Amino acid sequence: MGFDSVLKFFLPKDRVFYGLFEEVAASLVQMGNTFSKALREEDLSKRDAILRTLEDHEHKNDEITHRIFIELGQNFITPFDREDIHYLATALDDIADYIWGAAKRIVNYQIDDQYNTLPAFAEIISKSIAAINTSVYALRDMKDLRAITEACVLVNSLENDADDLLDSTMLKLFSSNISAVELIKQKDIYQMLETVTDKCEDAANVVESIIIKYS
Amino acid sequence: MGFDSVLKFFLPKDRVFYGLFEEVAASLVQMGNTFSKALREEDLSKRDAILRTLEDHEHKNDEITHRIFIELGQNFITPFDREDIHYLATALDDIADYIWGAAKRIVNYQIDDQYNTLPAFAEIISKSIAAINTSVYALRDMKDLRAITEACVLVNSLENDADDLLDSTMLKLFSSNISAVELIKQKDIYQMLETVTDKCEDAANVVESIIIKYS
Amino acid sequence: MGFDSVLKFFLPKDRVFYGLFEEVAASLVQMGNTFSKALREEDLSKRDAILRTLEDHEHKNDEITHRIFIELGQNFITPFDREDIHYLATALDDIADYIWGAAKRIVNYQIDDQYNTLPAFAEIISKSIAAINTSVYALRDMKDLRAITEACVLVNSLENDADDLLDSTMLKLFSSNISAVELIKQKDIYQMLETVTDKCEDAANVVESIIIKYS
């Protein structure tokens, strides 16, 4: 019996969830950073190579999420409400899905991002994921409630920024001379990126509702 | 200690939820009426000015919804199942979000609503919100169950009307000579308005499931 | 008192749910098969006549789902967690809604499905529904857990296939010469069909989470 197994044996089973959520959050931070880095890359073939690596991230994320659901099924006692674990895991999983969905379309569609909307979205998304990461890590000891609340408020405000970015970009596109087909492609990608920030907001709302209950 | 505080002190804490849901419902009724009024306005700059006021309504709605979630976190005892409060608050909040989302796009895109689809949607939405308002107010004493059920049936039937309106409008647009870009704009707005009625249906379904449990 | 009533009287009330879920699953199998059959039909007016019959299926499905929610409200004891019943019923209902939504648009839009995307989607959907049917029937006695798990894994893999089919079709369409309006129509239908497989995955995930808890 190795040290790990001994540790696991003595570890209260319900504390497993903190570690798993921290793993998902860390993996999302990596995704956000990779996505941002790719979109700052000027060489398009290098950019696409980086974007393609996000598929592995997304698979890894799927696996951790799956483990959360298995633990949820097997543990009668959980550190916070069962439905909050379910909602949080689902929202974090959706963040990864939509980032990969947008990345795939950026590679496939080869749009002309003339207003630099993509790097602007990537920055909002990175900041939003960083704030979620902070709030998820703070869940473990619940000491710094103010930090959690501030992180959640930030995620909400970043979602508004993404909304405004989508609106202003669409207005520019509608009054530009691009073809309808090009417009369909760009709208598709930008909407997916805006949805990433919606899912970040969902995650932040769950975290906020957890700390309200336990404070 | 003012009268309000005294009242709040004696008020069973769980009854707070009725008041909050009634506030959301009343605010939605106002939104629905303002939206209808705007779309009957022939002067477009007046119309847009009215539509822009919906942003404040949406913010107010957000705040009440936030208070519901805070109360939900702090109250161990709730008048109906915790998840029903969560679902109902979310559905009502979504109604406000999608109305404002559509209003913003109507102002921004300046579409040519040649088949008068917008006022037709506004009428369906107003009726649907009125029925939800009836059902939410009836939750407090649970006396008139028939009225609640009838209101929920009406919301479901109005959702079907919105679905048919979307279908028939899209068919007309597809066989018209409008440009693809104009078609994209109109489809975007009409789909958001149809989603408003989906969210109304979600809210009505929650109310119905509550009265089934307590009757 | 007929034999049925006697049976119902002695039947533990919570077992009612198995029968209702089996009814929904069987009705979905019929929908999937009818949809596939229609899309293999070369005579378009015959095809449309078959597709139109799906509306009745969808109504029937609605009614069974409604009965599940009524039972859920009236039964204090349920065979598995109340929220799992809620999630499963909702996911199964969404499958029917999106199939009918797509069928209606196929009839209305008369698209030129030049890459045979529709029959390919219909096949994926039929297989996915068949796997869900297997897993729902196996819930009743929970004996063959391996069969349930395999069915759920299959549904997940079929969802990936649908995703890939949507991606590759969109790529072909974007590099084809079809008009933007035709592209909008086709994208609308194919996305709805991909959503059908998302809803199948949601249903499979609920079934999987149920067997984890009870095994």
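Order as written gives the chain letters A, B and C; numbering starts at 1 within each chain.
Note that in this section a contact is a pair of C-beta atoms (placed from the backbone, for glycine too) under 8 Å apart; a residue touches a chain by one contact, two chains touch by 3 or more.
Because the structure is a prediction, the values reported are computed rather than measured.
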{"item": "Relative orientation of copies subunit A and subunit B, as a Cα rotation angle in degrees, nearest 5", "value": "120"}
{"item": "Same vs different contact residues, subunit B with subunit C, by half of numbers used", "value": "different"}
{"item": "Subunit B and subunit C, separation of their C-alpha mean positions in angstrom", "value": "28"}
{"item": "Per-residue overlap in subunit C, given as positions that touch at least 2 other chains", "value": "83, 180-181, 184"}
{"item": "Interface residues, subunit B side, partner subunit A - complex", "value": "69-70, 72-74, 83, 86, 104, 108-109, 179-181, 184-185"}
{"item": "Interfacial residue positions of subunit C with respect to subunit A in the complex", "value": "83, 167, 170-171, 174, 180-181, 183-184, 187, 205, 208-209, 212-213"}
